[in-house]
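Two complexes follow with subunit A in common, the first pairing it with subunit B and the second with subunit C.
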Partner chain A sequence: MSKALALFNDKRVRDVIYQVALVVGLLALTVFFVRNASENMVKAGIASGFDFLWRNSGIDVPFVLTDYTRAGTILDLFWAGVANTMLVTVVALVLATGLGFLVGIARLSSHWLLSTIAGAYIEFVRNIPLLFFVLFWYFGVIAALPAPRDSVSVFGVAFLNNRGLTIPLPDAPANFRWAVAAILLSWLAQWLVSLWARRRKDRTGQDAPMLAIGLVLIVLVPALAIAWASLATRWDIPVLRGFNYRGGFVVIPEFVALLAALVTYTAGFIAEIVRGGIQAVPHGQVEAASALGLRPVRILRLVTIPQALRVMIPPLTNQYLNVLKNSSFGAAIAYPDVVSLFMGSALNNTGQAIEIIAMTLAVYLVIGLAVSAFMNWYNARIALVTR
Partner chain B sequence: MATPVWRQRLFGTPATGIVTVLLALVLAWIAVPIIRWALIDATWRGTTRADCAAGGACWVFVKARFGQFMYGLYPGDQRWRADLAGLAFVLGTAAVVFAPPRLRLKAGIAALIILPPLGIWLLGGGFGLQPIETREWGGLMLTLFISVYASLIAIPLGILLALGRQSELRVVRLISVLFIEFWRGVPIIAVIFLASLLLPLILPGGIGIDRLARAVIGLGLVIAAYMAEAVRGGLQALPSGQREAATALGLTYWKATGLIILPQALRISLPAMTNEFIALVKNTTLVLVVSILDLLGIAQASLADPAWVGMSMEAYVFSGSIYWLICFALSRWSRYLETLGRRQHR
Partner chain C sequence: MRFLAVTAILAASASMAGAQQLAPSPTLDAIKARGNIECGVHLGLPGFSFADDKGEWTGLDVDYCKALAAAVLGDAKKVKFTPTSVQQRWPILQSGQVDLLSRNSTITFSRNASLGLNFQGINFYEGQTFIVRKATNAKSAAELDGASVCVAAGSTEEKNASDWFLERNLKVTITNFQKNDDAIAAYDAGRCDAYTAGVGALAGQRAKLKVPGDHIILTQPISNDPQGPVTRWGDERWQLIVRWVLNGTIAAEMLGVTSANVDQMKASSKNSEVRRLLGAEGNFGATMGLSNDWMYNVIKQVGNYGESFERTVGMGSGLKLERGQNQLWTKGGLLFTPPFQ
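On to the complex of A and B.
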C-alpha cells in the first residue's frame, strides 16, 4: 500500500497515470457516442457509408460554376457548393482588403473629418452582427431595387435589379485565355527583371527604372491584353425582353448581398489591423528616413509598409480565415454554398447526417489550413532577419 | 492672431480645404435623407399602419411590436418572469462585483450555483409556474439568454483548455490543441447545424434534448475554443517566476494555478475575453438558421406580417441599433479594462 502511494508521489509516474486516464476517459466517451449513434441510426433506418455520393441528386442549383446539372450526382453537388464557397470567399477577400486598407489609412489621416468618418465607419460595422448585414443587404437593399424593367444601368452593358446583376458574357472565351496567358507572362517578366535589378543594385549600387518597367509590365500590358480580348470577342450583352433580361450572365442577388455584407463588415476589422500595424512602426524610423532625404511616398513604400506588414500579417490571416468561415452565412439567404447545398439540401434528401457533416467541416478545415500555411510562408519571408 | 485649431485642421492647405468640402458634400448627401426619414418625416403616434405618413419612418410599427422584439412569442401575462430573471442576473452580477474582496470568490460561486438554474426555472416553468416551451421564447430576451448560458459553458471549458494547452503533459497538450484548432477552424453556422443534428443522434435513445439547448451547447463549444486562446494570452504574459515561486513554496499544481496563476492571468486576459463575449453576442444571431427566433430572427419574422407590409427598414434599424448599443458598450468596457490593466502594471 505504502509502496503504491510512494509510486503515486513520483511525479513522472503520476503524469503518466493522469494522461492514460484522460485518454481512456475520452475513448470511453467516444465509444458511448458511437454506439448510441449506430443504435439510433438503425432505429431510424439510416444507412451509413459514402455510397450516397454517387446517387443522382435531382436538386436544382440556381448558380453554378462547375458543369453540375440536376442530373449530376450528389458528389457533383458537393463540388458545386465548394466552388461557390470559394468564389464568394476569394472575391470578398480581395475587395475587403482593398477597402480595409483605404479605411485604415484614412483613419490615420491628419485630415480631421476624413479620419472621423473612417472611425465612425469602423465603430459602426464592428459592433453589429454580420448576419444582420447579410439580411439587410438581401431583404432591405436588393429586394428594394427596381424590377428588371426599370433596372439601374451600368454604362448600358450591365444591369442591376431585384433579380440580381446581369453582366455581359463573352461569346468566345478563347481570346481571354490568350489574354490571361499574356498577363501571366508579363508578370513573370516583371518578377525576373526585379530579380535582375536587385542583383545589379547589390553589385553596382545603380537603380533600375523599376517604377516605369513595373507600370508597363504589371499595368499596361494586362490592360492592353484585356482590351484586345474584349474587342476581339463578340459580347453577349443582356437585352430587356418582356419582363426580364435575356443573354449575359446573371449574378444572383444572394451572391451580391452576401458579397456586400462580407466586404463592408470585414473591411472594418482589416482597417483596424492596418491602423495598428502602421502605428506600431516607431516614429523614429520615419524621421530617420526623411533625414536621409527620402520622399514621403518612398518612406511609405520602403520604410513604413514593410515594417507594418510584419505586425499585420498574423491578424490579417485570422481575418482571411474568418471570411472563409463567414461565407457560410450565405446559408441564411440560400446562397448555394457548400453549407446550404450539402448540409441543407443534400442532407434533407439523404438523411446521412454524419457523413455530410464530416465532409462539410473537412472543406473548411482543408481550405483554412491551406490559407494559413500560405500566410505563414509569406510571414516567414518578410519576417525580421536578425543576424 | 493664431488660426483656430478647427480651421487649421480642416482648411490648413488648399488641398485639405478641397477634401473637407468634398467630404462634407458626400456626408450631407448621405445623412440628410436618413435624418429626414428617421426623424423629420417619421410618424411616432398611432396604433396601425394607416396612421403612418408616407415617406418617413413608421415608428408606430416598432411601438406596436415592442413586446415581440423583447420577448418573442412569450405569453404576455408571463413576461414578468423574464424581467425577474434578468433582474436576478443583474443583481447577482452586481453582488459579485461589489462584494468585499474577501467574500468575492464565495459570492461568485454562490451566484454560479443559484442563478443559472433559477433563470431556467423562471423562464421555462415547472414546480407551480406555468410551463412555457422554448419555441415561444424569443427576441432580445433570448439573445441575452443564449449569450449568458453559452458563456457559462465557454468560460470554464476555455480556461481548462488554455491550461491544457500550456500543460507539460504531452497528451493533455495535444488533445487541447486539437480541440481548440478544430472548433476555431469550422464555421459557427455549421456547428449550429451539427449540434442540432448530431446531439440527438449520439445521446441514448429516449433522451430528448431541447433544440435551444442544442444551439447553446454548439455555440458554447466554439466560443470555448476562442476563450481558450484569450486566456492563453494571459497565461503567456505571466512571468514564469510566478509558477516557480509557487512550486518552491510547496503548492500543488491545482493550488498554484487556482491561487497564484489564474487570478493574475484572468485579469490580463479579461479584455480579450470580453471581445470574445462580444463575438458571442453577435454570433447568437445564427440560431436563426435552426428557426430559433432571437432579436434579429424576430425582426426578420415581423416582416412577414401582412398588417405591416414594407416595414423592413424600421425593423432593421431598430434591431440593429440594439445590437450596436450592446456591443459598443461592451467594447468600450473592454477598452477601459485594458487601460486599467496597463495602469496597474506600472
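On to the complex of A and C.
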C-alpha cells in the first residue's frame, strides 16, 4: 500500500498516469459520440457510411482544375472542390504577402502622405467584416463589367465581361510543359550561378555581373520559352456565339472577386505584422548600419528585414491559416470551393451530413497543418543561431 | 379449451380498443406539453412562407402549419416558425428541432429512402422553369444554349436543369449559390442569363428584382416537383395527423365547406362525409388522439385549401398564379383526397 502511494508521489509516474487517463478519456468520449450518432442515424432511417462517395454526382461545376465532369463521382467532386480551395488560397497568400509588405513598409515611411494613406487603409480593412469585402468585390466587379455582347476585347483574343475573363486555351499543352521545364532549369541555373558568385566574392572580393546574368536567366530565357510555346501551339480562340463566348478557358468572376477580397483584406493584417516586426528591431541596429555608410534601402534589405522576419513569422503563419479558412467565404458568391461544392451541393444531394462535414473538416485540418509545418520549418531556418 | 383461449384474447383486445389505447406519439405529447407546434419553413419566399415587417408569417406553407396547430391545439396561432435554408432543412428535421417541415421541398425517392424523411401528401404541384430578361427574346428553355444559369446549390433544380440540358446537348453554365436569394441577386446583377426555380417560387421572387417588368417567366416546365409537408421516420401517429389535416383541407374544398359556412354546415349538413369531417358524427379526431372538432377548428380559423391558395398565391395575392394542376381533380386539376369514411 505504502509502496503504491510512494509510486504515486513520484512526479514522473503521476504525469504518465494523468496523460494515459486523458488519452483514454478522449478515446472513450469519441467512441461514445460515434456510437451514439450511428445508433441514432439507424433509428432515424438515415443511411450512413462512405459508399455515397462513389455515386454519380451529376453536378455541373463551372470552374474546374481537375478533370472532373458531371459524369464523375462525388469523390471527384470533392477533389475538384479541394483543388479550387487550394488554388485561391495559394494565389491569395502570395499576393497578400506582397501587398501587405508594401503597405506595412509604407506605413513606416517618413513620407507623410504615404504613411497616412497606408494607415487609413489598414484601419479601414481591419474594422470591416470579410463578407462585406467579398460581396463588395463581387457585386462591384459585376456591376462595373459589361454584358457579353459589349465585352472588353483584349487584342481580339481574350474577352472581359460580367461572365468572367475568357482567354484562349492551347489545343495541345505539351509545348507548354517543355517551356515550363526550360524556365525551371534556367531559374535553377541562376541560383547556382549566384551561389558561385558569392563564394568567389568571399574568396577574391570580385563582383560578378549578376544583374546581366539575372536578366538573361530570369527574364529573357523564360520569355523566349513562352513565346516559342505560344507560336508552336494551335490556340482555341473564344468567339461570341449566342449568349456568350465559346471556347477558351474562363476565369470566372467569383474567383476574381474572392481573390481580390482575400488579398485586400489579409494585406491589412499582414501590413500590421510587418510594421510590428520592423519596429521590434532595435533602432541601434539601423544607426549602426548607417554609421557603416549603408543606404536606407540596403539597410532595410540587409539589416532590418532579416531580423524583423524572426518576429513576423509566427503571426504570419496565423494569417496564412486565416486565408485558408476565409477562402470558404467563396461559398457566399458561388465560387466552387470545397465548402460550396461538397458541403453545399453534395451534402444536399446525398444528405450524408456527418460524413461530409467530417471530410471537409479534415481537408482544412490537413492543409492547415501543412501550411504551419512549412512555416515552422522556415522559422527554424531563419532563427538566430546562437552558440 | 382452445376456443376459450381465443375468446379470452378477443375479449381482452376488444376491451383495450374500447379504452382508446392509442400507440404513443412522442411528437404529439411534446407538442401538447410545449403548447405550440415547431414548424420549419422557407427563409422567405413570398406566397409560400414570408415574414412581413411585423414578423407575421403568411403563405401557403405557413397556412398549412397554422391548420395543423388549429387541429392539434385548437388555435391556429400556436405555431413557432423556424426559417430554414436549403442546407439546414433536413438536419433540423432529423435532429428533432422541428416537428415537421412545410417549405417548398420537392418530394424525391432518395430523400424518402435514404434520409429518413417521410412525405405526407402534396400541397403544391410545381414545375421547374426559368426566368430570363425579355431582351433575350428566349421563348423556351431550349433556346438557352450557351447561357449561364444561376441556381441554389444542392436543390433539385440544380440537378434537373443539368440533366435537362445534357439530354438536349445544350451547353449551359450552371452557377450554384448557397441561398435562393443570393442566386436571384446575382441574376439581377447580370451574372447569369437565367435563374431557375419552381413556377410558384419564381412568381414570388420576381417581385424581388429591380425592375420586375423586364423579366419573363418561361411557361414550359422542365420537371415535376410535387411538394408537401415532411416528417421524419418513426411516430406513425404523428404522420397520420400531418397527412389527414392536409387531406382534410382539400376534402373541405371538395365538399364545399368554407370558413364562412362551416358553422352552418356542422349544424345542418345532411352529407355524412361533411358531418364526419367536422366532428358532428363519428370519432375521427379521437381516433388520432385529437379533439373531435379538429377539422372544424382548421376550417373555421384557416379555411379550406382553395381559400388558402387564393389568399396566398392565387388571384387574391400578389403572385396571381392560376390554380392549374393545383385545382381539384373534379375541376381538371390533380388534387385528390381519400374519403373520410
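Just so we're on the same page, the second predicted complex is superposed on the first by the 287 of 387 C-alpha atoms of A that agree within 3 Å, B and C clash if a C-alpha of one lies under 4 Å from a C-alpha of the other, contacts with A are read in each partner's own complex, and residues count from 1 in each chain.
By definition in this document, a residue touches a chain if its C-beta (ideal position, glycine included) is under 8 Å from a C-beta of that chain, and two chains touch if they have at least 3 such contacts.
All figures in this text were calculated on a predicted structure; none of them were measured in a lab.
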{"item": "First (subunit B), second (subunit C), both or neither touched by A:Phe139", "value": "both"}
{"item": "Which partner, subunit B or subunit C, touches more subunit A residues", "value": "B"}
{"item": "Subunit B versus subunit C as contact partner of A:Ile333, first or second or both or neither", "value": "second"}
{"item": "Contacts of A:Ala147 with subunit B and subunit C, given as first, second, both or neither", "value": "second"}
{"item": "Contacts of A:Asn348 with subunit B and subunit C, given as first, second, both or neither", "value": "second"}
{"item": "Contacts of A:Asp60 with subunit B and subunit C, given as first, second, both or neither", "value": "second"}
{"item": "Partner chain in contact with A:Glu39 - subunit B first, subunit C second, else both or neither", "value": "first"}
{"item": "First, second, both or neither for A:Ile382, with subunit B first and subunit C second", "value": "neither"}
{"item": "Subunit A residues contacted in one complex by subunit B, in the other by subunit C", "value": "41, 43, 139, 143, 331-332, 343, 347, 353"}
{"item": "For the subunit A and subunit C complex, residues of the former touching the latter", "value": "41, 43-47, 58-60, 62, 70, 139, 142-143, 147, 162-163, 241-244, 246, 252-254, 331-334, 336, 340-341, 343-351, 353"}
{"item": "Of all residues in subunit B, those that touch subunit A in their complex", "value": "6, 9-10, 16, 19-20, 23-24, 27, 168-172, 175, 182, 185-190, 193-194, 197-198, 200-205, 278, 281-286, 288-289, 296, 300, 303, 312-313, 316, 319-320, 323-324, 327-328, 331"}
{"item": "Residue ranges of subunit C in contact with subunit A within the complex", "value": "86-87, 90-91, 94, 110-111, 114-116, 136, 144-148, 150, 153-155, 158-159, 162-163, 166, 171-178, 182-183, 185-186, 189-191, 193, 232-234"}
{"item": "Residue ranges of subunit A touching subunit B (in the complex, touch as defined)", "value": "15, 18-19, 22-23, 26, 33-34, 36-37, 39-41, 43, 110-114, 117, 123-124, 126-132, 135-136, 139-140, 143-144, 321, 325-329, 331-332, 339, 343, 347, 353-354, 357, 360-361, 364-365, 368-369"}
